[in-house]
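Take a look at these structures.
Shared between the two complexes below is chain A, which pairs with chain B and chain C, respectively.
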Partner chain A sequence: MIGPGRVRLARGEGPWPWLAAGSVALSLLLLVGLLTLLAVRGMGHFWPSPLTLVTLEDGRQLAGQAVREERLPDSAGRERLYLTANRDLEGDIWTWVAVAEIAEESRPRDLVVLERTRWGSFQGRLLALESDEGRVEGEAAWAALETRLETLATLRAERDRLRDEVVMPLVRRLERDSGAEAELAHANARIRELQARISGGMLLLESVDGRRIEQPLEQVLRAWRPNAMSPPQKLAAWASGVWRFLSEGPRAANTAGGVWPAIFGTVLMVLLMSVVVTPFGVLAAIYLNEVAHQGRLTRLVRIAVRNLAGVPSIVYGVFGLGVFVYGIGGSLDEWFFTDQLPSPTFGTGGLLWASLTLALLTLPVVIVATEEGLARVPDHQREGALALGATRVEMLTRVVLPMTAPAMLTGVILAVARAAGEVAPLMLVGVAKLAPQVPVDGEFPFLHLERKFMHLGYHIYDVAFHGGDVEAALPLVYATALLLVLVILVLNLTAIFLRHHLRARHGALPRR
Partner chain B sequence: MIDPLPPRVEPRHQWRRRLRDRLATLLITAGGVGVVVAVLAIGIFLALEVAPLFLDAGSGVGWRELWQPRWQPGTLPGESPLYGLQPLAWGTLKAAFWALLFAVPLALGAAIHSALYMPPRLRSRLKPTLELMEAMPGVVVGFVAGLVLAPWVERHLAGALALVAVLPAGMLLAGLAWTRLPAAWRHRLPQGWAGLWLMPWLALLVATALWLSPWLERLLFGGDLRGWLEAHLGLGYASRNALIVGLAMGFAVIPGIYALAEDALSGVPASLGEGAQALGATRWQSLWKVVLPAAAPGVFSAVMIGAGRAMGETMIVLMASGNTALMTLSPLEGMRSMAATIAIELPEAVPGGVHYRLLFLAALTLFVFTFLVNTLAEVVRARLRHRYRRLGGMA
Partner chain C sequence: MSVVSSPRLAAGNSIIDFDPASCCLEIEGLTLAYGGSPALRELTLRVPRQRVTAFIGPSGCGKSTLLRALNRLHDLNDEVRLSGSIRLEGQDIHGPEVEVAELRRRVGMVFQAPNPFPMSIYDNVAFGLRLQGGIRKRQLDDIVEWALESAALWDEVKDRLKSSAWALSGGQQQRLVIARTLAVRPEVLLLDEPASALDPISTLKIEELIRNLKSQLTLVLVTHNMQQAARVSDYTAFLQEGELVEYGTTDTLFTNPRLARTENYITGRMA
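What follows is the complex of A and B.
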């Protein structure tokens, strides 16, 4: 019996409900943890981190950024992993150091980091710069290097522009007919001249342990002295790093450089997909909700369509491969591209098939969302329109569909968000590790539906699991993952906001 | 006086309107039926592609071959390929099992808390947040699991296992402490908001457990838990194993299970729970004796849909499982699932060959399984809604 005066409120429940409360907290913690990890590691990659000069007990020196620390096996000590770069000198870019052996750590301002096209980056000291104008040493060499790198960047941009916009179209024109040889020769001469101005110049570098190398200036992309940079300078370097990541193509087998082709491929594929999925999804929803007889069969079909949203995406990929690529694509090749067989044109994975497969995959999403919107429109609106003499199509286009527009938009946005993150089916129907040509260019028919394309999600998978040195590529994968997650989060938040707005306007969905 | 007649619509115009209506309706019908048929054709197409495997006597693949314990579609010369689907089916089930083991308690706990204890405003915020969790692309979750979590757990296995015990204990401890708090404090930390204010506490617990675990490991297992497991229990350790897959895929299925279970629980007519509480039951008692039994089919269907999702998830298993076709029970070893096998091997398989058709068979299996599970869940949910309406109407 409960004694008088004892509060029998929540106390009687015991601590068990707290397991339930804790699982909410734990789920949220997991989500927050994942997002924080991606944000910190993804954004941190572009921050010019300071370079530490480590002197060991035995007098050896190394310059690097500390990555992580671990307990040594079989002893109480710890060891630390440094990113020391200089693959051409050391053969490896990582160095493990026992923490107990470190005698001194400092951050001298004269340490430089060079980003190079070969051998990865260099960390050490700049001794001298030799060029046609002579040899400069010491602090003057740094100033000379900075100006020289700026000139090099403009020259490279000019050369690449010429190659992409003048030479390549001319070469392709020459494959079909002649007549542009003179133009091509002129352009090529100009490129050779630029190339000559780019090459030349030599850097004399010294690693902190005293080994010297001569570095052709041509291979140096950027140089910075992380320990001498002020915070605003670092911020500027960070912003330009982010911009290069978003705007440049990948280098060094996708382990360095940017992800622009992957962004482009993802967006293009998703756009094509939504062009296909929107009309068909809306059409099917209108049919199911407004035209079809609302009997047992329609109800079954509705359940089936809903269930297709739960079918694994890889199954859609298998379907796409069998029907689109080998079936339709193979026949198209036999009918229209016989001259190019046996190398397939449409009979292999490509942009078109990937978009169609994803359209099929996201069709249920659009149908369900649109149907929900249609069900929210009160019946008296329809009856009113019909009573005033409108035909069914007029009722639909003038009254019902305008009220459903936000729901359709929600459906399409959700479909886009789902498609942008889906990788498994793409692996079967047309994504490429490295696409040599973007699917859109200045050549007729401008949009090349048969070409393979790069995709952000697949880029993550490929770099993370097929690269050589995963640890070195990891920051880039983090950045790509962050980008993908941001895009998808923004899309989903828009959809959630739209739906909320919709519910506030039309009230809750009548249950049927 | 008779009102003037409304202006007459031209008959020609009328006729055109009607024709347009007919045509458009026809178009909608054709489009709608076409889309529905196209979408439903997936299963039929897969079945057609698989059929020759069993109809052709010469394909050399019968049920006996498919039920071997080896999957080796080796292309090496002089080596005959082995097409036993058993290890793949095993890998799929094993991955799904560990994912559900992790996800179901968390998702149901979260659903219970948010349906019964949370203020409605907070609940309407929590749902979209967990939807965001579902929207996380599998490739990102798989990357974090395979390249960040797997090496980390390999180095801190003791800490990771300690969390399994520490976290629930910490939650219970928080509950006990809360009931001992003075009323003013309890008012400031309401139970309905516990999902939020427990987060720092759990984070602190995680940090403490990880900080203490090396010391515990030295004390209990001689400083090397992996070696100890190998020596005493005979458990080999693979860096990418079922635990990692379970954790990562659990993360991906929690939101789905949560959303459906929460729907089922909060759909139970309020009068039932209120009646139980009026008779003196606590909320927790009314949950176990009244609300949960009423919502059981809905909760069951939520778990089924979660299982379907876990079976078909490709990227996470592909990236976090190591993809070795093993048939072990050990949670510390890897596996190879059907979905991952399809993703890896189908692009290289020769169209029309035995290997190709077998991968189609795997896809068909996944399709049929998820479709049946989802249909079952949908039917159960429809029945449940009907029952709720009846129960609500009676009260």
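What follows is the complex of A and C.
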């Protein structure tokens, strides 16, 4: 419906409609382009790409995954980058090869890739597997390796479960009081037994240029032969790779493994922030719009609130560090955690302080959105309630606030969108490079507000700039960035769904 | 516009001398100002019980202001200054022992634009009762039905009590608002141009409703429409520039006004 004041541009009115439509199209294109880039580069990382055996003109051989090609300066041809792995043999995992020097390329099906806990991946051939049961060679070695890796995965999972869920809580209990020593000793013995079953076994490996290494089987996490995999197998491998990325903690200084603690930390912090900011913002907006005398002072406060939204986030970080962490946190430590001083409990960055800092940062957004919602409730609705004998509080809670609820949620949506992407203030008030233990566990008080936490945004920054190898970090950066966008999207969609539900129940406010 | 010079009325002149026992509202020397200039000056008027009294007058004459003073809706505006007294059944409504919410329950009000709350029809009617609390579901059902029947709306909505009030037509919404007000059993019903936003048929229904309701309570009607005042009211007060010009039975005022100012207005010789 076209109402007065909302006349649309029609055809035949010159370039204006095209200009307007063009800018919309451009924005959409940029958005789609951004998401596509993140999705392709990030998610492509988990696809088992083929391993090429390259024979050079001079007879040297190497096995690698082609990453990209670059033109050499002064038209000397092209150069191709291969991911050749084998850091323990080469000292580097990348090899540049001039395309002109390549004599032959092939994809032998027996080339294996091993993901290891030390030295990164290995690419080459599997010669033999030695274990207590003897030595197997050739094709039989591959079959034996696959079986052995499955057993190892089960054993490792059991060991990690014991350590995280039995031993760690016991250790923490022992720090306070004794009595669980026997239990702990039993659990530790079980872990040692598992460890013994995990260790043992050796792989004899050979790189394509003929160098042999002995690889302790204990350090091998996964093995696959990319050239021998069928597309469904690759898809399954891709899916399990994505799943591990989502569900596991990081390894090797954040350059490998997953981002689960970061996802968890981001979502938990945003939820805590919303829980804090919503009541405060709504109450402040009610005061400004419904209670305060609408004079010069109120106007001044309103302008100040609106301007607060424009203060750079790092400033809030500094404020949070000074007031929350050192001020309030320091005092809390002195009053309640004296036995642990000088090591701080609340007097250092943590989940609570980060949430509070971000709540402060997003407070103006919630106030402004709620105020706009309140202003849109027609006066005759208020008078109608009063005329029925409602007090001002009853009028607010029964008529005005239900009608304003969608506007409040709009405020929360904007706040969540802003807070989930903030990184700068978090660096000052509680984010950690590595905090594999999520701040929620089975131990009292279950939600550990004083713990440091990981955050997707900071994880991106850390992986991109603090890892040694940018080339290797890049796909992880893309994948994490995509994940951050998706997390924010999910949080927002939840709020939008809720708002839609409320609108349907309480009726939409008139447009202003 | 013809300028009519008329003697300034003494307050006593404009009162119909109702027996105080049959008076519901007594307004005496009421002066009300928004910020600087007074919107009502030294107004004195008595409203009889179980009758329809209409306030007429040109835009800005203060008739709506007067109406809103009767249930203290002006309390919301800090800039309003008020002097004089208003008594409801002999009790000063600004008295210290009067609770404003209770006063507004006793003096209900229906506004120009229908303003049902964004809830179901049932919840709208039950709103005022639920505020008082302590009413059982069965009792609530009965009162809601009675109120909707009193407002001549029951037959139209009895099958969709749980659907949104905003889905009703304008006329139905206004009758719903009347039902909502009746449900708390007010003694006085203030109607601020209740039919000015409605079509002719809905207007007729509202007028009929007003005539029927006077057996139960006292009605005060503000209207722009003089035919409407003539059709539904028993007494009419003509206000101009914040002053009461003439007050009498509707018949006398419309057929035989005492003052030329009144006659000019009702015959349309004045803007």
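Here is the rule we use: the second predicted complex is superposed on the first by the 451 of 512 C-alpha atoms of A that agree within 3 Å, B and C clash if a C-alpha of one lies under 4 Å from a C-alpha of the other, contacts with A are read in each partner's own complex, and residues count from 1 in each chain.
Everything below uses one rule, namely that a contact is a pair of C-beta atoms (placed from the backbone, for glycine too) under 8 Å apart; a residue touches a chain by one contact, two chains touch by 3 or more.
For clarity, every value in this text was computed on a predicted model and none was experimentally measured.
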Does the superposition put A:His293 against chain B (first), chain C (second), both, or neither?
-> second
Touching partner for A:Ala387 - first (chain B), second (chain C), both, neither = second
Regarding the shared-chain residue A:Leu31, is it in contact with chain B (first), chain C (second), both, or neither?
-> first
First (chain B), second (chain C), both or neither touched by A:Gly421 = first
What is the contact status of A:Val368 with respect to chain B (first) and chain C (second): first, second, both, or neither?
-> neither
Which superposed partner A:Tyr326 touches (first chain B, second chain C, both, neither) = first
Answer with first, second, both or neither: which of chain B and chain C does A:Arg398 touch in the superposed model?
-> second
Could you give the residue numbers on chain A that contact chain B in one complex and chain C in the other?
-> 391, 394
Any idea which chain A residues touch chain C in the complex?
-> 293, 378, 380-381, 383-391, 394, 398-399, 402-403, 506-507
Given the complex with chain B, which residues does chain A contribute to the contact?
-> 10-32, 34, 37-38, 70-71, 279-281, 283-288, 290-292, 301, 303-308, 310-319, 321-323, 326, 349, 360, 363-364, 367, 391-394, 417-418, 420-424, 427-428, 457-458, 460-461, 464-465, 470, 474, 477, 481, 484-485, 488-489, 492-493, 496, 500, 511
Inside the complex, what are the residues of chain C that reach chain A?
-> 71, 73, 76, 78, 101-102, 104-105, 108-109, 111, 113, 115-119, 127-128, 131-132, 164, 166, 177, 180-181, 184
Contact set on chain B toward chain A in their complex | 17-18, 20-21, 24-25, 28-29, 31-33, 35-36, 38-40, 42, 45-46, 49, 105-110, 112-114, 116-117, 126, 128-133, 135-144, 146-148, 155, 167-168, 170-176, 178-179, 191, 194-196, 198-199, 201-203, 214, 251, 254, 258, 282-285, 305, 308-309, 311-315, 318-319, 339, 342-343, 346-347, 351, 359-360, 363, 366-367, 370-371, 373-375, 378-379, 385, 389
